[in-house]
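The structure appears below as C-alpha cells.
A, B and C are the chain letters, set down in written order, and residue numbers restart from 1 in every chain.
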C-alpha cells in the first residue's frame, strides 16, 4: 500500500470516528469514550515503557491526579486553564518520581511506581481531610459525553502523532538503544537518565490529561474512585497484549480488551477483579518466552 | 515518648517479621511478589474468622494459619512460579514475569476477599487490656505481638544460621549460579524459601490483626512496606530486614504521633527514597 | 609535546581488592599505545575509568585539558573518547546502520538525517561492511559484529579510541585486516589505547607499551624492549618455579 493511500485511509477512519456521536446513541458514544480513554492511556504508557522496558505501575497515580485537579479547580478557573494546570502538576510529579528512581535499577522503579498510587491517594485524602475539610467533590461542568469523547479523540490523535514522531527521531533511536544496553547507550553519548526522564514526563503528562478530561463524567469523585489500581492494571495488559513496541500496538490491544472488560464488569460486577487477575496470569503464561521477549518480538517486527 | 517508642517497636517488629518473609522470597527464590501483602491480609481475615467464629485465640490460630500460609505459597510456587523460573532465559525476564504474574495474583486474592468479606474495615478485640511497662501503659495485645514477632524472628535466624538447611538457603541467596555445583537443588530450595516466606507473611498477618484494623484492599500497603524494609536492609539480608523494620516502625509511629497519622506512608517513602539515593544497596547490602 | 591524555595517581578498589593502584601514564596525540598484562591485572578497569563506566576512587584523568574523573560516560563521549567492549556489545534491536547512526546522532556534531546516513555508509565501508546497513545485528558473524562495534566507536568521531581486546578471537587473515584498520586510524591522527593479548598485533601497532600486573604498572617504554623485560615475561608466564 502506498503511503499516500494509507494516509488517506487513516484520515477517513478518523473522520468516521470523529462523527460517531452524531449517528450513535448516547450509550454508543459512552463506549467510544471509554475506549478512546484506554487507547490513549495504553499508547501513552507504551511511549515510555515500550522502548525502555521500565514497567510502570503508576498509571492511576497520574490519572487520578488529573481527575482530582479538575475536581478541585473547575469552579475557580476556566476549563482550558484547569487542563493546563493538571498537565503541569502531572509533569512535575513525574519529574520528581523520575529523578529519584530512574537512575536506579529497573526493579526499584517498578516497586516505587507500584506504591505511588497509594501514596498519592493517601496524601490527597490527608490534604482534603485536614486542610480543606472535604473528602468527596462534585464536578459541575457543562460537558456532555460527546464533548469528552472529542477531547479524548484529539488527545489520542496527538499522542499517536507524538509517538510516531519520536519513533522517527534521534530520541526514539536513543530510547531503543537504552532499552537494549544502557551502558553502550551512555558510551555513544546519550544522556540516559535525561532521555528516560523526558519520556516518562511526557507519558505521565498525557496520562494526567486523560484523567482530567474524563473527570466530568463522574460528577462526584473521591480518592478511592479516581485512584483505583485496576486502571493501571488494565492499561498495562492492553499495551502488553497489543505490543508496546509498535505505534498502533497499544491501541489495537486496548479496543478489544476494553470491550471484553466492559462486558465482564457488566455481567460479573462482583467477580470482576478475580477474573481480571486470572486472565492476566494466563496471559503471562501464554507468552512462551516471557513478557520481556514480547517487547523484542514486536519491536523486531516493526522495523 | 516511651509509649511511642514501644508502639514503634511493636510495629517495627511486625515489619521486620514480614520483611524477613519477603526477603526470603525475593532474595532466595528470586520472585518479586507483589501479592505478598495480600497473603498477609488473608491471614488477618483468617485470624478474624477463627477468633470470632470459633473462639480460637490468635496465638493458637498461628498453628493453623502458618502451615496454611506455607501450603498456599508452596502451591503458588509449584503451579505458577516454577514454570516461569524454568523458562526464563535470564534474571531480568524472570523479574518482569514474576512481577506481572503476582500483580495478577494480587487482584485475584483481593477480589476473593472483597466477595467474601466486603470492603469494610475489620478488627476484633483481643487482650485489649492495659499493661504497665516501665512506667507507661501498653495494650497487652501489642506487647504479645512484639514478643511473637521477636520469637518467630529468632527461630528463623536460628534456622538460617545454625542448621545445614539454612546454610543451603544462604548459599543459594549468595550464589545462585554456583550453588548447583555443590549439589544443591536450587529450584527446590527456592520453592521452600518462597513457602517459608509465605508462612512468615501468614504469621505477620496474625500478629497485625491482633492490634490493627485491616481491609481487603490494604495488601498493597503491606507489600510496599515490606519491600521498603527489604531494600533498606539490603536484598537478602535477614539481619538487615530486622534492623530496617524496627527503624521504619519507630519512624512511622513518631510521625503519626508528632506530625500526622495520615502522613506515615509519605514518611515511609521519603525514608525509602533518601536511602536509595544515598546508598542504593541498602544499609546492610554489599557495597559496590 | 603536550600529552593528550594524562593519568596520575589513579586508584580503584572493589571491596577489599585493590584493582588499580597508583597508575600514572600519558599518551601523546596520534600515538598507538599497548596496555598489557595478565587477566585481572586491572587493564579493563583503567579503560572503564577513562570512559566513565566506573568512577575512580582517587586520581585524575586529564584529557585535552578536561578532568574526566568526575564525568558521566555520555559527557566523556562528547569530549572525544570512544571505546569498544571486551565482549562485543551490540544494540540488537537496532539495525547495523542504526547501531552506527546512534553515535553520529549523539556525537560531537549531533548529526541526523541525510548527512548522517551518508557518513554511516562511509564508516561501514571503512570497516568492511559496505552495503550491509539494513541487516539485523543478530545475523552478523562475530568478526562482523566487531567491525560494526568499531564503526560505532568511530562514528563518535573520537580523538582517543579505547580498544578492549578488539583483535581477540580473529583468525590470522582477519587479524591482518584488523591491524591494518587500526594503522589507518593512526594515520588519521586518532590516539589509540590498545588493551591486547595478541603480541603480534602489539608489535605491529604499538610504538610504546605499558604493562600492568596486580593493579600496578610494572613496566613501560618502547614495545620491543618492554616485551623482553624479565618481569614482564614473568608476569605473563607466572612466577612459579615450574
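We adopt the following convention: a contact is a pair of C-beta atoms (placed from the backbone, for glycine too) under 8 Å apart; a residue touches a chain by one contact, two chains touch by 3 or more.
Keep in mind the model is a prediction, meaning the values are calculated, not measured.
Of all the chains, the one whose CA centre sits at the greatest distance from that of chain C is B. Contact tally for A-C versus A-B: the pair with more C-beta pairs in contact is A-B.
Here A is the chain whose Cα centre lies closest to the centre of all protein Cα atoms.
With centres defined as mean CA coordinates, chain C is found 48 Å away from chain B. In terms of their C-alpha centroids, the spacing between chain A and chain C amounts to 43 Å.
Chain A and chain B have Cα centroids separated by 31 Å. Those residues of chain C whose C-beta lies close enough to touch chain A in the complex are 51-53, 72-74, 77-78, 82-83, 85, 89-95, 98, 101-103, 105-107, 110, 112, 136, 152, 155-156.
On chain A, the positions that touch chain B within their shared complex are 53, 55, 57, 100-101, 104-108, 110-112, 114-115, 118-119, 122-123, 125-126, 129-130, 229-230, 233, 236, 240, 270-281, 283-285, 288-293. In the complex of the two chains, the chain A residues touching chain C come out as 170, 173-174, 176-177, 179-181, 183-192, 296, 299-300, 303. Interface residues of chain B, counted against chain A in their complex, comprise 32, 34, 80, 83-84, 87-89, 92-97, 99-101, 103-112, 114-115, 220-221, 223-224, 227, 231, 260, 262-263, 265-266, 269, 272-273, 276-277, 280.
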